[in-house]
Amino acid sequence: MGKKVDYRELGLTDKEYQLIVETLGREPNDLELEMYGVMWSEHCSYKNSKPMLKRFPTRGKRVIQGPGENAGIVDIDDGQAVVMKIESHNHPSAIEPYQGAATGVGGIIRDIFTMGARPIALLDSLRFGELKSERVKHLFSGVVSGIADYGNCMGIPTVGGEVYFESCYTDNPLVNAMCVGIVNKKDIVRGKASGVGNPVMIVGALTGRDGIHGASFASEELSEDSEEKRPAVQVGDPFMEKLLLEACLEILKSGCVVGIQDLGAAGLTSASCETASRAGNGIELDVSLVPRREEGMTPREVMLSESQERMLVIVKKGRENEIEEIFRKWDLAAVTIGRVTDDGFLRVKDGDRVVAELPVKSLAEGAPTTVNESKQPAYIKDVQRIQYDQIPVPEDFNEVFLKLLASENICSREWIYRQYDHMVRTNTLVLPGADAAVLRIKGTKKGIALTTDCNGRYCYLNPLEGGRIAVAEAARNLVCVGAEPLAATDCLNFGNPKKPGVYWQFENCIEGMSQACEALNTPVISGNVSFYNESKEKAVYPTPVVGMVGLIRDINKIVTPGFKKEGDLIAVIGENHGGLDGSEYLRVIHGRVAGNPSIDLEKEKAVQKCCLEATKQGILNSAHDVSEGGLLINIAESCIKGGVGARIELDSEGKRWDEVLFGEAQSRIVVSLSEHNCKLLEKISEQVGCKVLIIGKVAGKKLIARVDGSTLVKQDVAEISRKWRERIKCLME
Amino acid sequence: MKFGVVMFPGSNCDVDCFHVIKEVLKEEVEYIWHKEPLRESKRYDCIILPGGFSYGDYLRPGAIARFSNVMEGIIDFAEKGGLVLGICNGFQVLLEAGLLPGAMKRNKNLRFICDNVFVRVENNTIPFTLKCKKGQVLEIPIAHGDGNYHIDKKTLKEMKENNQIVFRYCDEKGEVSEATNPNGSIDNIAGICNRRGNVLGMMPHPERCSEEILGSADGKLIFDSIMKYLKGE
Amino acid sequence: MFLAKVYITYKKGVLDPQGSTVKKALGTMGFDTIEDVRVGKYMEIMLEEKEKDVAEQKIKEMCDKVLTNPVIEEYSYDILEVRK
Amino acid sequence: MFLAKVYITYKKGVLDPQGSTVKKALGTMGFDTIEDVRVGKYMEIMLEEKEKDVAEQKIKEMCDKVLTNPVIEEYSYDILEVRK
């Protein structure tokens, strides 16, 4: 078997190796060492992040399952619960965008149905370089088709997401996929290998040589020779996964199943030791029984393979036949490969020969965690300081407005979501294009709202505030459609955590997110960390993507962003202050990424309360929060979606006009409502303690914005609508 | 009345069709598993081949599903005049099975398209469109990657003479043009029927717009037409 | 054992959306001497048969029945004898 | 003028979902001597070049840069001289 495996090449440190030897009381053999290598990789062990993640609030009266399982679960009443999780597939997507993104979607879907839930929606949060080079376009195009083809084939609607284009993501795009499922509380299953003597089965696809060391691959920086790491990229088989999904949901109904776990990163090694560890048991497996796709596979290859579309099922003893029967119906294989033991060891056999024997607790949870050195990076001071008097106020606001509207980060995302089947299963009541997607829950009056959010630029400029804003924006987007935010899931995309500056960003983002989650009562129930998003020594913006679910009690009271009726008044809930810090306006018009964005969580809470109460009372005809591009872009979007014009009249109160129109200050929601409901809105706002300001009227076919009596912008809505809609298509085709 | 919804491995819209029949039409409906031969004793009044990705759309959409055990019975059922509705992937299966003429190619832009479109009713004399007016414009979603219908010129001419073109992509006013063709389909064709009119294949999804809360209930006209026909009203 | 290589293309006269897209993409990348691109399918089918005739006949049957749609596609193939 | 026929398949060891699904389907249809099916792409590219060398070099470049992803795919080709 050639030369001895070097633990350093597996990414283990001297200290970690020593710990392994001490734990075992002997030197591990090559296979054992490799199993430790993948399980103790950052991707599987969270060794660089675990201590920090403890900061997140994870409890709440609706939380049924917090972090630690395959996905989090939150109660939505009537015996039902929502299961959700978000996950990254950044590195594979950089190398093979189509398959990388597709298998990312496949992985997150398995995490959901592993819990016994029927997946009902997908969302995707994407980051690419600016849409200029052929390479970026190729990545973008491939990623979107990969997500589309996998989700569409599975019959799970992709109902929302976000995308940003910034140069820091040019070499290292981010591809985060979120999946949401619904389960009856009584049907929840967990990834536990309980019941000594129970058989352990592997089901689904055959095991091949693909993806060996994928977990380690995700735990290092992208480099020139990443292209060579061929096996880390796999081809997805959504049809297989669809069969697997249906078969798994069917076996879960049969009552034969004790525990179930998908085979993701670190394949069989991770699935077996994690399920055993959660139950406090051991598992014994025989790799020679694992059905294979290729001949001559070694125990090492079987244990480390990351072949997709497989699951590990722990079955009640004696009921294997029932499982096999159901899988046969779906033309799939289900094979018993081992059993649950009581000795706390993962024992791997190849026929009669024991080839590895490791304590599951150590393997699954024993990786020593570290708190890394943290230091505020030097760039922070430079970027936060910005002298606005050196930034000229534009003369032609029409031109600035049109330029902003056509910015890649602001224009319509239709080109993307038109490729996603967002309607299959006929639950999607609010389609992509609104602040959050809304799905009905058939058989009830309820609905759930879903969104993902994160402005990485804010996090770059001020990680603490950026983290707070990401959470606040997600919650606000839910509130805009009339949903009460319930819980969050997060995907933390950062650079190399060994770099003090990156670690500092990481810490601060988490602190900020935690504060906001506490303030807004949205505990974190699941998540994922993706480090080493760097190439050529440059890290991406800290990008802690927040996925959130909200509950709508009455789906007849949903609100959408488009203006509905001429004559309606337009009002801003929240203070109408500007705030150019970190804005898209500064980047697009002045070429600056600068400023110090911030948020006041108390004000945010009041604004959300006000909006939510107004939607409950049914007085709003539209609602849309102010985000990238500021107030005027927000109003333009509501005009475009409603197909009507608006007349806006603003008082600058001494502020710069560009700030008034394009500033991105937080905690603002623009609503429209009939005149006679304004009193009611004002009453609500007084009760919750926030401001409401009437700023205009829905009228005509033009968008007209006046500040301090001067008409700054006047545009035909049909005209801007076309520009806004077709922008990405024009860049791509 | 009794409906059957075929489940192929990879069918996705089977549940959506089932839902409409059961909860919206309030009629009897059951699933038909692809592995089982169609039993005559079941006495279906209408069989739906739903959308989705049977066999992952591998090889060609519908190409493998058409060899399912159930298909022989369905062909027989159709030949005896039974109502067969193929939606999206179901339409593709009908083409591959030869129950309808022509074939599907990838969308012209090579991308999957999910969108609300308008179609014009060209033939309102078949069981599936009895309740529509000729020329009526329906707003109805499409969701497919292979909806680029192809047929040779000669057959197309015959189909027109036989009034087999049922739906064409148009704008909201009913104008049919290149600009309103989402996928490159020949002659903007969105749905066709056989000569006898008892087999309909359509790319748009009527089951996705049969309830007002979903934004449009135009699709319900198709199901209501079927009911009207079946009840002999 | 025989290895059949099957080549499937659209028939003449059937527009090939993939081909024209690939041609355009190659054009924008500077490959400007391209006259035409057609995109089809390529399959490798390994058959455990003793006689080439039998193998060929089976391949033909598969192609006619399943692997191609005669409304829009045509095919050709090569059959090679191979050893395992 | 040259006609390049390009054959693209997944590399060995890479999962080929289409291939395995087609194989299974053919099996249930009675083609039971099939050992393996791989499904790939076939392209016919017509090049307006004078020299075969140049044509070949261009085809290689297209394959490496655009038509395939070397991470998971491999290709081969034939180049024939043709008259219009």
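Chains here go by letter, A, B, C and D, matching the order in which they are written, and residues are numbered from 1 within each.
The rule is simple: contacts are C-beta pairs under 8 Å (C-beta built on N, C-alpha and C of every residue); 3 or more make two chains touch, one makes a residue touch a chain.
The structure presented is a predicted model; accordingly, all values stated were derived computationally and were not measured.
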Contact-richer chain pair [A-B vs B-C]: A-B
Centroid distance [mean C-alpha coordinates] between chain D and chain A, Å: 37
Centre-to-centre distance between chain D and chain C (centres being mean Cα positions), rounded to whole Å: 9
Chain B-chain C separation of Cα centroids, rounded to whole Å: 30
Touching two or more other chains - residue numbers and ranges from chain C: 29, 66-67
Two or more partner chains touched - positions in chain B: 55-56, 58-59, 64, 67, 109
Overlap residues in chain A, where contacts from two or more other chains coincide: 237, 239-240, 331
Interchain contacts, given as pairs of chains that touch: A-B, A-D, B-C, B-D, C-D
Residues on chain C engaged by chain B in the complex (per definition of touch): 10, 14-15, 17-18, 21, 66-67, 69, 71-72
Of all residues in chain A, those that touch chain B in their complex: 145, 148-149, 152-155, 237-240, 242-243, 329-331, 417-426, 428-429, 440, 442, 555, 733
Complex contact set, residues of chain A against chain D: 95-96, 99, 205, 208-210, 227, 230-231, 233-237, 239-240, 293-294, 307-308, 331
Complex contact set, residues of chain B against chain D: 55-56, 58-59, 64, 67
Complex interface listing, chain D residues touching chain B: 17-18, 21-22, 25, 28-29, 39
